[in-house]
Amino acid sequence: MTKTKKSRISPMWKRTVSHIFTKPATTKYPFVKPQLPDDFRGQPVFDIKLCVSCGLCSRDCPAKAIEMVEVEGKRRPQFKLDQCIFCYQCAESCPRNAIKSSVFYELATTDKSSLVIKPQTSVKKGA
Amino acid sequence: MANTITWARVKSPWVLHFNSGACNGCDIEIVALLTPKYDVERFGVKLEPSPRHADVLLVTGCVTQQCAERLKRVYDQMPQPKFVVAIGACACSGGVFAGNYNVVGGVDKVIPVTAYIPGCPPRPEAILDGVVKLLNALSPPKPKKQPKQVKTPELPKEEAKPEVAKPEAVTQQEVKPIVEEAKPNAKQ
Amino acid sequence: MRRQNQTPNSNIDIINVIETKLKDKVQIQLGQLGKAAIVTSNGLHRDVLKAMVEADEKTAIIAITGLDLGANLGVLYHIRTSNAFLTIRAEVPKDNPKIQTVIDIIPGAVFHELEVSDLLGVVFEGNRLPGHFVLSEYWPEGVYPLRKDVKASEIKLNPPPPEEEKQPEYGKIVKIIIGPQHPALLEPEKFAVTVDGETVTKVEPRIGYVHRGIEKAAESRTYLQDVYLIERICGICNTIHACNFVEGVEKILKTEVPPRAKYLRVIALELNRLHSHLLTLGHAGLEIGYETLFQYFWRDREPIMDLIELTSGNRVYASLMTVGGVRRDLKDTDLPKIKTTLEDLRKKLPFYRQIYRDEPSIKARMQKVGVLKREDALKLCVVGPVARGSGVDIDVRKDEPYEAYGEIPFKEIVYTEGDTWARMNVRMNEVEESINIIEYAIDHLPTGPFRVKAPRVVPAGEAVNRVEAPRGELFCYIKSNGTAFPERVKVRTPTYANIPAFLKTAIGENIADVPPNFVSLDPCFSCTDR
Amino acid sequence: MIDFDLILRILIFPGFTFILLLTLFCDWVERKLEARLQNRVGPMVAGPGGILQPLADFIKLLTKEDIEPRDAKKTVFKFAPLIAFTIMVFAICFLPIDGASVLSTTGFNGDLIVILTFSTIASFLLFLSGWASCNPYGTIGSARVLTQFLGYDIPLFMLALTPAFIAGSLSIFVIASSQTIPYILLAPWAFVLFIIAMQAELEKGPFDVPDAESELVGGLETEYTGAKLAFLHLTRDVQIVFGAALVVELFLGGPYGPVFFGLPAFWYSLWFVLKLLAVVIVAEYITTLFARLRIDQVLSANWRIILPAAILSLMLTVAMVTWVYPLV
């Protein structure tokens, strides 16, 4: 009985010991960045040149994270990243492909207001 | 002496996870942080069961009416100094559930929040990044304030490339860069 | 292996039974809301149900939907029998919303009735609870959120009463409150467990801590937005929630999804099931203090998360489903990566299977814990691995194939022990079946479009839909009024049906058995409360 | 007349400071090893390889706010963790570390019984500290501590007597120094049983029912914060060091080993630490292998298996000492 039991005893004995000699499965995250698929749904990138101010993105957003604000007389989407659920329905609804995804995901901040991405700031800075 | 204490606090953040009505998405990502792939024990982070032991409160979820009061109580039970991190769109502002009849929406409506981590859900890396940012905010004498951003022309665009850098250096490049990345596109 | 296939479903024609028994009293509308909708007047729904239970032991209540029909409140009993799915309709006037309970016929209906009475104000005579079941204890009297005249913004909660001085209790009987902040539950939910020494004598559930009012919110959003909202009922089985809703809408629209989309959906759903099962299997390890096992399972779950990220762009929320197909095609270049990852996982499975089957400390903690006998499982209407662990062979993928499941061969896993160990082993074996399904789907992936254009406005109509979530049978009811906004969306999640099983099996057990027993249901409270 | 040497011995080496550092080091070894067995990295950033992690935890806890629950029995709640810690350190002081015990003596006959009593008292104080917090989780957790250590104390005492029988003395110094052949080779059955009983006595897995996180939150520590929590943690860790040290003294030949050159005290301390680490590693390895048992399984394992086995082991040892060992 003991013999058969021995062979059926937990394979954990061997497995745990083998891990001492193998490399841990841990990624070296903050020091080495992970490789993300190209179409990862990170922070949305808005291209104001393509925008036709139709407001479809704002209308279809399930989280109401897109607000249309006046920029130089035209209505442009303003993204509230703190509400955004990163579903990219806006990108799908956009007739001109003005909203694209990016692989940037480290959005943590201690200042909530920095999570509102205004379309005008980018214009001003770029100008 | 003060340096030693700050050092100890930064190196040993024990966290308590509070689910205030989340969908489990963020919660499993928090638990995933403990597991071999991310292993936050590297940074001394321990998930503690009791609010009495914790330094950092990780709140997920959109704060339902029933949970608001509990959240307040759990926060009060924690010993000073204590910090709150809101994880996920729901905890930051209510997310997709904002405006529902049973939802308060946003952790900062109930307790003060130190750091926000948007995402639905944020990647475990993003959560780790948020905790590291919080801890870096601890290091200078003025707590809770992020040091002024130095504008970096470099963009963290090519994340695929393994770049070796100190965590501080990584976190210096805040949210801003990507906005700047959006600009050139806009200008073309 | 201990798999045991039950005898094939009996060929009872349930509609025939009702026709012969209650011919003149009820109206049978064939082909609506499942196989048939049986319209009853007040009181007769009990007779119909009794006739069904007598004719077929597998009769179970899937859900009870409450509807606001203007002057009346509609109550729909969704019934599953061994080979059919049908609905009993009843109506009660709004000013006197009283209806007889059915919990004496089917005990599993208790939670469903309580929810309808809390959210819609239907009074089920014989099944009432002091206070609220789902809503906050400070909820104002007489306000029922799912009624159409209630606006979310106008609801004002009662102020909380001043905190009373709590006297510490001394004595033999201690009440342990599990939750709402408790490590055994990743989610806030409260179970007041009364303990005598170390033995549980009473469990009082208080759910609703995660109640976000999704059903009401869905009514004020378009079908397009609802897909994302419904998806966020639960972060673990999100794809299947979205799929369930999308299929329901497609039924009303009468849209046929292209074959490639069907296969892509199957791949997404099974990836979801894989990650959910691995999560539970590991979490169970944590609950019984087997941290090594937990760490290993979650390590091997990460490649699956990477696959979900690869195919959909997010680790957790795939957001793949949309009305008329899927949102993203699967790139041919990704296929080899998916295959190798699954192959790697398959190589690791024998180790885990051996652990779950033979490891002495796992057996010591899981066998004979939370035993749910077959009769009880049928009576309490449990679903999914809990039912299959008790020898009840129900699996929507087999019973009523949706998407491409009818074309894919896979085994239905049934254990007869009915204890925690059996439930976990059902999941353990299903992991392998899921891998097989995905590989089959990839090998037989049809070419062609992956999406058809669907209109934003949905014609008036109603539909029910069932799918097999990782936790069991998931049900939804959608009523459309001809606009872009649904009139009513009801989702009944598997955990909701499984909690009564926990309440029954926990009593008389050791307090230390509560966590493993509980986790073997794979509880998901964000699903439960919605 | 002040004996500076004695004060140095008590305060620095091999006394308080040494024991404290050893405890923190063992904690690190445990955490790191557990992480590696689970295919993780474990503490990494606090000091080289995360070696300062336990120290960081300790300092941080010391500087946290101290909260006393309203219902707690204040005096017991305050002092029980500290006294428990003191008693455990005091018990270690009796063990020969660098050839002699901390008190620079060779002990007295019967000090084995004394230190085992000390460890029982410390466990009892831990029970008191949990009970005094008046929290349902704390109460149940401490009740489990009480049932468990009361049960396992008996076999532990019996098994500790095995080496005493072989050495013919109840003095730890005599037991340790008379092991020209370590008793692990002479009485391996007693060693295995002793490790299991020790594991249960120290509430390590698979016997860690008193702090079963999934059903009892933090167990008896639930209500503790700040410095008191730090000392509770430290007491637990010192208990583990004590248990491992006891195994070293009773079965592995104590601190005595080959002296190559220089001071014997240095080599003895080195051997002591190395042997101690070996025991800690074995104990931690056992912890990672199994799921936590249920409290009734833990108790029935004691009364049905460990206790009869301990009695048998004692009888076997007596028989061996009488008839077999004289022949060797």
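Side notes on the structure shown:
First chain written, first letter: the chains are A, B, C and D, and each begins at residue 1.
Convention: a residue touches a chain if its C-beta (ideal position, glycine included) is under 8 Å from a C-beta of that chain, and two chains touch if they have at least 3 such contacts.
Since we're looking at a predicted model, the values are computed, not measured.
Across B-C and A-D, it is B-C that has more C-beta pairs touching. Centre-to-centre spacing of chain B and chain C amounts to 31 Å, using the average Cα coordinate of each chain. The distance from the centre of chain C to the centre of chain D, each centre being the mean of the chain's C-alpha atoms, comes to 48 Å.
Look at where the CA atoms of chain A average out and do the same for chain C: the two points lie 29 Å apart. Residues of chain D in contact with at least two other chains: 35, 37-41, 213, 217, 288-290. Counting partners per residue, chain C has 182-183, 228-229, 232, 292-293, 295-296, 299, 302, 314, 317, 359-361 as the residues that reach two or more other chains. Within chain A, contacts with two or more other chains are made by residues 10, 12, 16, 24-26, 36, 62-63, 85-87. Taken as a graph of touching chains, this assembly is fully connected, with contact between every pair of chains. Of all residues in chain B, those touching chain C in their complex are 17-29, 31-32, 34-37, 49, 51, 61-62, 64-67, 69-70, 74, 96-97, 99-103, 120-121, 123-124. Of all residues in chain D, only 33, 35-41, 285, 288-290 touch chain A in the complex they form. The touching residues of chain A, counted against chain D in their complex, run 10, 12-13, 16-17, 19-20, 22, 24-26.
Here chain C touches chain D in the complex through residues 168, 174-178, 182-184, 195, 198, 285-293, 295-296, 299, 359-362, 364-365, 510-515, going by the rule given at the top.
Considering their complex, residues 31, 35, 38-46, 50, 52-53, 55-60, 63-67, 213, 217-218, 221-226, 229 of chain D touch chain B.
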